[in-house]
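Chain nomenclature is as follows: A, B, C and D, assigned in order of appearance, with residue numbering initiated at 1 for each chain independently.
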Amino acid sequence: MIPSHSFVLTISCADAPGIVAATTACLFERGGNILDAQQFNDLETGRFFMRVVFAVVDHAGGSIQDLRRGFDAVAAHFSMHWSLRSQADRRRVMILASRPDHCLNDLIYRWRTGELPMDICAIVSNYPRETYGLATIGDIPFHMLPVSRETRMQQEAGIWRLVQETGTDLVVLARYMQILSDGLAAKLFGRCINIHHSFLPGFKGARPYHQAHERGVKLIGATSHFVTAALDEGPIIEQDVERISHRDTPEDLVRKGRDIERRVLARAVHTYLDDRVILNGRKTIVFS
Amino acid sequence: MIPSHSFVLTISCADAPGIVAATTACLFERGGNILDAQQFNDLETGRFFMRVVFAVVDHAGGSIQDLRRGFDAVAAHFSMHWSLRSQADRRRVMILASRPDHCLNDLIYRWRTGELPMDICAIVSNYPRETYGLATIGDIPFHMLPVSRETRMQQEAGIWRLVQETGTDLVVLARYMQILSDGLAAKLFGRCINIHHSFLPGFKGARPYHQAHERGVKLIGATSHFVTAALDEGPIIEQDVERISHRDTPEDLVRKGRDIERRVLARAVHTYLDDRVILNGRKTIVFS
Amino acid sequence: MIPSHSFVLTISCADAPGIVAATTACLFERGGNILDAQQFNDLETGRFFMRVVFAVVDHAGGSIQDLRRGFDAVAAHFSMHWSLRSQADRRRVMILASRPDHCLNDLIYRWRTGELPMDICAIVSNYPRETYGLATIGDIPFHMLPVSRETRMQQEAGIWRLVQETGTDLVVLARYMQILSDGLAAKLFGRCINIHHSFLPGFKGARPYHQAHERGVKLIGATSHFVTAALDEGPIIEQDVERISHRDTPEDLVRKGRDIERRVLARAVHTYLDDRVILNGRKTIVFS
Amino acid sequence: MIPSHSFVLTISCADAPGIVAATTACLFERGGNILDAQQFNDLETGRFFMRVVFAVVDHAGGSIQDLRRGFDAVAAHFSMHWSLRSQADRRRVMILASRPDHCLNDLIYRWRTGELPMDICAIVSNYPRETYGLATIGDIPFHMLPVSRETRMQQEAGIWRLVQETGTDLVVLARYMQILSDGLAAKLFGRCINIHHSFLPGFKGARPYHQAHERGVKLIGATSHFVTAALDEGPIIEQDVERISHRDTPEDLVRKGRDIERRVLARAVHTYLDDRVILNGRKTIVFS
């Protein structure tokens, strides 16, 4: 339903009177018509957040550069962190995977069906391409970057080089079974999404489904979050759970968990691609 | 977290460029600082919807009358349906009940705990006060208005008189087992909420849990909607479901359903009291 | 966790005292040790249902034939409908699909990962193989059986021939966009599962997501059921829902619905393959 | 639907061949007809669990004493932990509460409506009766047992005395804000249920909703578990969650949490009263 010449503007700044008025006036003057917008004022932190989807009804006016130039003054005045993107422009996404392929498969399927509006610029794995079968990868550039305790830093250097060469906007860890170094995590902060196979903060670290089985919980879940140096502590984007019973073995939980993981990761990536998630310290604002 | 001098403005009008800019500029000029706002543009119907919660940081300025006066010009220019309310002002709510008392009890409990910011100006039932026990009603004005096929119109006249005398803003049908006449439904349109004990549009009419059991569905639900002349067809505000199994008898469904009904009705009433629901033809906009 | 020499016995019969005693005594005498069992007595219909998973701890004893022979007397005495299957034996499954491929893809993926213990003996579509890409189908026998109003009966004859030739145990309609004739539906009764893209009984028939959008419901769902002559009226096996909002266009509902559909269909097929679903008139018993 | 002369038998013992056969044969010989039964064999621990609901169709025969006597031999042979209860006999339940009254209210309401088939033999609080209002308590014996760091042991002695005097079968901690000593926890093991206001194992200890807000989770939950010496570590009976957003303040979480808490606690108590929960080490078997 979104007209092709629509844009999305996201803003985060210290709260102050007149932000919305100044922003929307600026858009209005440039022929912008608001299709969907949400604002949120975090009274705890004093931060203000805004997402606006608008269509430029009069083309005569403006390219996105004009819009950007026009908004610069407003942004500067409120010292905003902001981004303006044409909804026609697709993000460049790199997917990192290991042996489990359900999230990788799912992301690729949703990309092929157009559900995830992105360009997959690279798939990187520490396993060979055959792990996934021709089918899955197709003609997406595939890079095997094996890793061992000794070679970890070189391997990460390789990943970083690829990120730069491919102009990657977003890195998705699709059940990538390696922990990123603090260095790489820092470089990718705010543009690297992981899926953890538990309902965080419960069951951090390894084999969460076995931990869940051991503890006898009645629901299992998955959590998608931004990657930070602190393992499994990054800002949470999306979570979901499903009911289990005493009849479920750890293997059953792993099987049921795959469904939750791929659903939660796909939602988180979709949220990101749609500019609905904005960082708020250790947390996220996710506009519905 | 909401400052005591905060207001909520809701708007619905035909879409046009500049609505948000004009509205927020108007609020800004009167010292309004936006705490939370959402806009939505229904591209199908061309209707625009907006909800703004704002605090008047500078008291010097304005009473709500000043704010209203100030906004009149903007509202007129875009021919808006709009409402401006101080969040300190409580709605006057009339609850209609019959023999089942779980929704009545639940609403009263949530009111006593302050969860539902409203004044209960009257409880009307076609059953005597004893049906509910002293406990429940306490000192809330209670009116027994018995009804039979013959006396239906007089009884409804009595309800309408009470609505006017008490200055009722919202009528809640808390499992009230009588069908309102088209006339009364029309008079109360947009300010009368019902809870139907099924996941509409499935199982309309009588004994929905028995219908659900008969059909063998695996989930049962409840639906809260605005009352219209067309039975069970009003705009839906909130719905929820729960999983059931072949072991559940119709009696089990009724029991489990009570939980869903009271939860769904309470959410719908809360949404209304918080000015989050706006009519959009046969449907509703519910801002999160 | 299930030992390789485990069996599953399912029973349905008129209730009578001693069924469980006689059944379990018979298994015990033949060295069967019960791993998991559930019984249910439908007091409405007077039907009794039982599912027993047991391991034959002493191999010396018995082949499945011996077990069957041994149980015949018990089964005859209570005039049971019953089935005894080695959990090592895989069902032969035929998948029918049309243009939408998300359910087909999902079933194949779950089969490849071993999540669905079945043999896919054929994929039948009224669209050419290219619709799905090499990837999806791989070396699974694919049959294109185009259909038009005129050729419908011949096409169904072709499907039936394939069912017989391949020894198909279960036919899965994976968003197959054709309505089976009463004749074929009757022939496949109890072994043909469909996924309907709505939370039945709401929104039967065509374009349910558009109906749901039109009605303004707050949750959408999907329903997997046995196919019967009466369209969308077959015994329900599994259902699930997800929350939506006024922001969701019909296209969004279709997208979100794909997730629910594939999840619900996969669960229903898994339930069937695990002998957890037993017909009870217009309804099903689904043992957890 | 359960005939009035129905009984429920629960069993837990080391697995061995013939348990179900011996048990059901014994019931059959005494005229027992099985209405609902479930068995589970925990292959990890080698423990076997069984729940049988049966009706004694022939009254002539037996009292529950006869049934017990009759079953003793079977139970002894397999060294079972077992219980046999007439479904007509109600458990005696003591509720412990503190200032928050939503769970207390909810349990009492469900008891008054007959949803929870129990006798409330005492309400114990460290707050005065007025905290709850006449309404709530009615004529249920109420005992105020104030507590301070110094008087804790005496207060617990008072609780224990009451448990014995009243013949309490089950103690329910309905948001009781005191931690039981190891001694009392041990004495009440297996018959004391607590509601913790988080989705354990996440957010143990104090102010879990504030912890959840701090962490920025997208779902909050509640957990009902048996009380053990290890705080918040007891075997889990039931859990549930609800979706929240960045808009929710800690106060909103507390409000939304109350709904989850009372729902989860009520389900756990209902499960217990219906003999559906059996301890399995640190975990529980909960038959559906």
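As a working rule, a residue touches a chain if its C-beta (ideal position, glycine included) is under 8 Å from a C-beta of that chain, and two chains touch if they have at least 3 such contacts.
These are the chains along with the protein names UniProt gives them: A, B, C, D = Formyltetrahydrofolate deformylase.
Since we're looking at a predicted model, the values are computed, not measured.
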item	value
From chain B, the most remote chain by mean C-alpha position	C
Equivalent interface positions on chain B and chain D, same or different at half	same
Distance between chain centroids, defined by C-alpha means - chain B, chain C (Å)	42
Centre-of-Cα separation between chain D and chain C, whole angstrom	36
Where chain A touches two or more other chains, by residue	1, 36, 40, 245, 247, 288
Chain B residues touching chain D - in the complex, by the definition given at the top	1, 36, 102, 105, 109, 113, 115, 133-136, 138, 245, 247, 249, 251, 255, 258-259, 263, 266, 288
Chain D partner contacts - residues on chain C that touch it in the complex	1, 15, 17-21, 24-25, 27-28, 31-41, 43-44, 57, 243, 288
Chain A - residues contacting chain D, complex	40, 42, 199-203, 214-219, 221, 235-241, 245-247, 280, 282-286, 288
